[in-house]
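Heads up, the next two complexes both have chain A, just with different partners, chain B and then chain C.
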Partner chain A sequence: MRKRTVRSRLTVALVAGVVSCVVVVGAVAQSKNAYIGKLEGPEVVTDPAKFPKTFKEAPQLAALVKAGKLPPVAERIGQDPLVLKPLKEIGKYGGTWRAGFTGPADFWNGFRCCSGPDHLMFWDYTGDKVVPNLAKGLEMQDGGKTWLLHLRRGMKWSDGKPFTADDFVFWYEDIYKNKDLVPTPSSAMAINGKQGSIEKVDTHTVRYRFPEPYFMFPDVLAGSTELAGQMWGYRALGGFAPAHYMKQFLPKYAGQAELDKKAKDAKFDSWVRLFVAQNDWARNPDLPVLSPWKTATPINTPTWTLERNPYSVFVDTAGNQLPYIDKVVLTLAENLEVLNLRAIAGEYDYASRHVDLGKLPVFIENQQKGNYKVHLDPGDYCDLIIKFNLNYDADPEIGKWFNTADFRRALSLGIDRAQINETFWLGTGTPGSVVPADHNKYNPGPQYRKLWSTLDVKKANEMLDKIGLSKKDAEGYRMRADGKGRLRIEIMTLGGQFVQYTQISEMIREQWKKIGIDLRVQEVERSLALKRTAANEQQLGAWNNDGSEHLFTFPLHVFPFEVDAVASSGPLYARWFQSGGTQGKEPEPRMKELMDKWRKAFGVPEKERIQLGKEVWKIAAEEVYIIGVVGQAPAAMGVRVVKNSMGNIPARMYNSPDGKTPGISRPATFFWKN
Partner chain B sequence: MLAYVGRRALLAVFTVWAISVLSFAIIQLPPGDYVTSYIAQMASTGSVVSEEEAQQLRIQYGLGQPYYVQYLKWMNLVVRGEFGMSMEWRRPVTEVIGDRLWLTMVVSLAALVLTWVLALPIGIYSAVRQYSPGDYAATFVGFIGLAVPNFLLALVLLYFGFVFLNAHVGGLFSPEMQDAEWSGARVWDLMKHLPMPALILGLAGTAQQIRIMRANLLDELRKPYVVTARSKGLTELRLILKYPVRVALNPFASTIGYTLPYIVSGSIIVSLVLGLPTVGPLLLKALIAQDMFLAGTIVLLLGLMTVIGTLISDILLVWIDPRIRLEET
Partner chain C sequence: MAVLAPPTTPAHEPAPLALPEQRIFVASQWQLMWWRFRKHRLAMVSSVIVIGFYLVVLGADFLAYADPDRSEAQRSLMPPQRVYFFDGWRFAPYVHGFKGARDPNTFKRVYVADPTQKVPVRFFAEGFEYRFLGLIPTTRHLIGVDRGRDASTTIFLLGTDLQGRDLWSRLMYGTRISLTIGLLGVTMSLVLGVVLGGLSGFYGGITDTIIQRTIEILRSIPTIPLWMGLAAALPREWTILQVYFAITIIISLLGWTELARVVRGRFLAMREEDFVVSARLVGCSQLRTIFVHMVPSFMSHIIAATTLALPAMIISETALSFLGLGLRPPAISWGVLLQQAQNVQTVAISPWLMLPAVPVIIAVMAFNFLGDGLRDAADPYGR
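Up next is the complex of A and B:
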């Protein structure tokens, strides 16, 4: 509660300072295309014939080699480098990249910029195609039930120890299967709810076995899933771990008594807390890693510093070991306003996370002074969605309406998306339903963008009249069918997020007056939100559906998928889905059809999967379980402020949590031109 | 006197214990616990924490136990001079606070010194030269200082500092000095960053103290002992400083009780706005994340400081004001 007051006061005050730039706002809307460039990015070279034959390294590493403290660069990289073709040019070594972060909870920040990303497979710059990354390749066998992962020969951890199949088996046998460390098996390791296994074929080959065909597997390794590298190390997940280092923190190898003492000395409550703290890429500078930069001063100090990994397997087409930039320094910003003002003042070299779309005019105005350029990277998803809690039962009448398709559709038709887009997105967004951008492979067709999502007050009123809500009170609000007064519904919002959910909901409240719906907006603190959704007390919830552009690896905002959600579209349905039908509540036929199609897609070849994906979105758009408001806009990390002298910066990049943007543009290839 | 101090000290210990119980209870009041806020945070970044995992976490952090057990566990740590592990920072609480405590004290002391250096002479001047142009000017500035919320002033100064002076935005160090070892250059860098927060933090206090000093002194100046002293031929300056000012200082001494906790926490809102790495924002974040041990320790520390401050001001009052007698009843 306290935070809210502080923040809203701050916002009010800053808005006052920004009044002078109001004129610029109009200009932004008109020239939004000037800031949205062409989608481009570096490419992974997979043809060994095009690999560089010799390697070069940063001067300070060369000095260490000369002093005999490091092996020669070719030895450190190994026989199968991960070759990146930089976007524009071969860069040069040196310099520091300055940015901000907001504290230990902001770990995504460093993973997005500096982890490489260290996924085994990854996306090309379009976010569409899976390409080899840390692994050299992935081979399907046995009709999708077995997958062979080929590792790079001679590849090493940041401490110089070899990265081999043993690190996968160690993770699977000693970490993943340890119930203390991983109480719930990961859905990423399962197909149709049945767990797979990992085994070693030889030093450089890993075999994954699944009981049923798992055609989605390459996408799962590429996306930000729980098999996607050391990001999830702090939850003992990630798909692999440095066996030679982490063994000392396991009872099996270190001995229980010994380890308990170690945990106690380090002031941890249990060995499990110690283990996950030591296995944390962001927290433990000693942890061997595979990323181009590695943590030097950890995330729980005022400055999170990352330095080059001397054993980085990433190289450019000329054979220069990446990254080009020596050091990344993220300084702690006590609040987002200071962070934004620092970015405006040009004190950050590259910033997009936490950059506030509402301040876009000020950013543009100060481009010259701050010596930076503003780019917009709209996402392929909705920046604002409204979820109906289909399981709401505290008030049966309201629950009934939420489960009436025409009620949901009418509410969607009652929203003036153009007004919201102009006011909160400065006209940079696209109004429409929940479906992802037109070029997304799962998009069911352009007609679904507008389905039930244009402003049509007349039709909305007719629909509401027809379903039995025709009686109105003196103020023009619709009355409940059970005669207990006015029909009041409530939306729950969170403050301090990338999107101003509360303020936008207030505007929707005004708009819904025209269709006789009385909406109450309630902003709550995060934990309370969670508690209320878990207790099934939420009616409507506002959120964004970022990630849903990768429908199968990030389905949280497409249908009731997670039980503990800050905005839920049905906790009982989610439980039913997660438990395979043994708990929770069985969904209505259309929802069940949607869930079935989604689940089925994991076990079928890509072409069929795309078809299933389209059908999932079709049902979602037709049934309006979730109202889409404004999307394909840059509100979530899509306003990018980059110094003019930084090289290899794409005009536009794919903005997605699955692509760890800007990770998808390979920041290891960014460099300082002077 | 000694018995008096002893009795007060004993009461203080009891008060601190009561504060520890209260602070622990307050932290338990909001819905959920650290694991709930952790799950919420995970959920907002798109990852799912299962119920089994949440349960496991609660066991590991000892959150499932009854409150009194948790309290006793914490107290057990506190009496040994440890304060537990911060759940969010995953570092011992002492380290997390220690990082910031010194800087907080530097900033707060600077603000305090500024307040007193400005407020005392101006207050005295205002009283002695009542209704003079100087008094009006001081009153005007004083009321403005009282009326302007200091976080707003902070924002305005921050913005103008950036627009007109090209000043570094927020914080206490330049980026290049952030992590440097302590050296002459770093101290100088800190000195350069200090005036703005000190001024903003000190302004409201200054205004208030000017008014208090002026009002108290005006009361005293009309009393017969002043006239007597004057008639005995004391110089005006000596007269005023020696008698009425000493009496008028009472409120300053009695506010020390609130001053000490302020020195260790700094102002939460202003520190947030200015991005100062002080204890205040840390407390705010700890409360939001329900980081029990960290929040509890800070609240306890603040309580302890209030108690010590009150004790000091009681003793000071006895010393400054001879009219206060210790009566054994």
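Up next is the complex of A and C:
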């Protein structure tokens, strides 16, 4: 009997051992995705029948209402709340969310976490479908030439004043059309280069009129475009502005002399500088806003604090006014190393911005100690791209090679992407061209991932020999065709970014030795980079094309689109494009074709647009204006470190600047479980 | 420590003396210095270390067994490898082969030695091509592996960095650059110091005032910010070689002041000495008076001061490069190697990347002790 027990125990132990082994093996087999979960997120409820009938609020706001300092919650929210269905559960009020930021230039940090986002329309959690956001709805009329925007009744600015169509008309008439404030009109307000207009229909209805059909308009209002809300206030853009507050900073209402004096007293060069500083969501705590949190201590102090907006229009399905978390405190980190150290030590509650992929093993190792969990959110874009400046003319020979397609292709073939992926992406990336992830609707097809984007030193050498670069010097580097010595090209990189551009470029320099190309890596500081690009002094530029997964709302790393970019594939082409062909330089035929297709897509229905989008990417991959290196990895803000006790955290988020990730997961619904 | 007993009898009446004492009387200045120096044990040891370091400078490419720029992702962040010296009882150094893969759970690269695979380590083996002492083209290296194998894929004495480059070989090249920068810098400040200090002390008056005030102003500025300012002013598009020389000049521009002070003091003291006055009276030119008669008499001091200035130079280069203002990759120096190690993952995952700090410490201490010994020796009569 006893013996049997022992034996049966042994059997149990054996079976248990085998089972656990199987489980472990299974876990290991699956574990490539152990940190990459299922894409999920909260949803916007649009059916008024499902709206909550009564509202609740945070205890400190209830106290203020009791003291007579605030109107009751239902009055503050209005008749048409913006209802969010939290990802997992209804949360609890209270607590602080601690995170880090790197200084006044890091304003995207707050926009991403805390602005709501305050776009008029926005994306669902998949980043693909446009849903109503601050606006109740958008109505197409007149075959796409006219759009009616319906506002929420009773919605208010953070100071309690109503948010109405007047705020749109004020922005359009007094700000956007003022040449001092907005010197170059925004392409978001234009279709095929022709500007549209904004007018008031009634208190809660705004009409946009365009000379031609503008089918992309809902996407433009949803994406991080210049009509995207108050984040662009510092550039006097955004699509609307608090008229009752901002009027005091306009000469038309305040009087020129008085305003000049005010600007001088506040130590600004001009009233324009004063205006944009006052219209800055991150810098002016007095600015009325529409976001769930509002700036309490500004970004140019060591702690950027954001507090709940008592007039927030965001509510959950149970009628709780959002956000759940009282306060967001971003502390200044002297450098990225310090920021990462604090995150590893568990001093941040939620961090993904500036978290270094290279430190992933350290983050994983410290999960228990820091009481956090690591998630990976790979993006759909390329984390490292190399742009050829097609307008480079300081050295005509180099400019000529940059405009030779086979030269660009050969350089792309000379990169050993597998090495770079293993070293700098810890093997998490996908090597390939600039085209977005295969599941992206504008992806032209799987063959374009590898087009001119695999390592082929032999072919690259043959191509370079053939185009007239066959002469080499004693060290094996190719000589210039004009006989002025070795062909030296430069790449401009920035330090302190999400991706280690300088170090990776140094690896590429070693790899290009094999194809006889002498690359010089120059790390510069951001403002110098902007200056040099604008002055057309940049040769090659390293950057990432995050945002390009939304080809039509974030195209600046697909072709020369923005004049002031840190790395450009042609600043003169960009000027030509933005000015509608009056300034800059006319692009070569293939580039022009690409630009035409992109522009045309705004005025056609979705099906045709998708086709045009695919063609844009086809040209980009075939011509290699930009070399894609490694992408679809969590390098840019994709390593997410979240405290275990924070609730409603998705297993995976759609990682995109257009979705203001984590904004797309609605941080207003995050809460503290204890 | 009485090195020298005072003479007890007049010189014209030589008394029988013990042999060592007799030696002292007839010894030259240099001999006296050598004897004195030998008594400073630490300085003796240090001088051996310093000579060792400069041998590394000369033979960096011989001592390195892998091309310091050759990267390979498949051996990224390998820990230092164990070398087995005896195979059984026979002295036959070997290393194990290894297999590397990335752990999908921790995202670390894990390397496992394969004990069945023994790779013999050979001396004077063939490796990458270089010019020994910059002259003789050769492929021989101090250590390596059998023909047909590549040492850079098998031996990792100090492990590898993120890009899979061999740390030992990089350290050898780094030593070369860091120590020559120190030497060049000191030479330049020596020239500046002797000339300006000499002028100042020899002429006195307004020349002296101007030079001394300049020195005071220079010395009153905190060094690190001043270096940073000057280094930041270097054009970014300069080649590595240009930056290298510019950094040397920057460092030495500030290093000369101390030396100039010492030289000036000696000049002031010596200006009125009989032998200087005589030299002038017999019509020696000023230059001849300075360089033939005065400088040799305080040469020993200069040597000591120079040796003591060297570690400061090395530290400054390392500090500047560490701050990212001095040399930049692809140049390899101690500072550059350390700069690449200044991150959390190095401390947590690959601590061997901090090893380049060790030679910095050793070199600086060795130079300091050596300088100390030389200073004592420079004044053999001192106590």
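Things to note:
Throughout what follows, the second predicted complex is superposed on the first by the 640 of 674 C-alpha atoms of A that agree within 3 Å, B and C clash if a C-alpha of one lies under 4 Å from a C-alpha of the other, contacts with A are read in each partner's own complex, and residues count from 1 in each chain.
Quick note on the criterion: a contact is a pair of C-beta atoms (placed from the backbone, for glycine too) under 8 Å apart; a residue touches a chain by one contact, two chains touch by 3 or more.
Because the structure is a prediction, the values reported are computed rather than measured.
In the three-chain model built by superposing on chain A, chain B and chain C fit together without any clash. Put simply, more of the residues of chain A are touched by B, taking chain B and chain C as the two choices.
When the shared chain is aligned, chain C comes close enough to touch A:Leu426, but chain B does not.
Applying the stated contact rule after C-alpha superposition, one finds that A:Ile344 touches each of chain B and chain C.
Of the two partner chains placed around the shared chain by superposition, neither chain B nor chain C is touched by A:Asn674. Of the two partner chains placed around the shared chain by superposition, chain C is the only one that A:Arg509 touches, whereas chain B remains out of contact.
When both complexes are overlaid on chain A, the residue A:Thr582 reaches neither chain B nor chain C.
Of the two partner chains placed by superposition, only chain C is touched by A:Leu360; chain B is not. Applying the stated contact rule after C-alpha superposition, one finds that A:Lys531 touches chain B and leaves chain C untouched. By the touch criterion stated above, A:Gln522 is placed in contact with chain C alone, chain B being left untouched. The gap separating chain B from chain C in the superposed three-chain model is 6 Å, by closest C-alpha atoms. 337, 341, 344 are the residues of chain A that lie in the contact sets of both chain B and chain C, per the superposition on chain A.
Residue ranges on chain C touching chain A, taken from their complex, read 69-74, 76, 102, 104-108, 162-164, 236-237, 328-330, 342-345, 348-349.
Interface residues of chain A facing chain C in the complex, by the touch rule stated above, are 28, 31-32, 34, 337, 340-341, 344, 358-362, 364-365, 418-424, 426-428, 490, 503, 506-507, 509-510, 520, 522-524.
Against chain A, in their complex, chain B makes its touches with residues 30-32, 36-37, 39-41, 43-56, 60-62, 82, 84-85, 88-92, 96, 99, 151-152, 155-156, 158-159, 162, 166, 168-171, 175, 178-179, 269, 271-277, 281, 284-285, 287-290. Every residue of chain A that touches chain B in the complex is listed here, in rising order: 2-3, 6, 9-10, 13-14, 17, 98, 103-105, 108, 180, 183-184, 224, 226, 232, 235, 267-270, 272-273, 277, 280, 283, 297, 300-303, 305, 329, 331-335, 337-338, 341-342, 344-345, 347, 494, 497, 525-531, 546-547, 554, 556, 561-566, 657.
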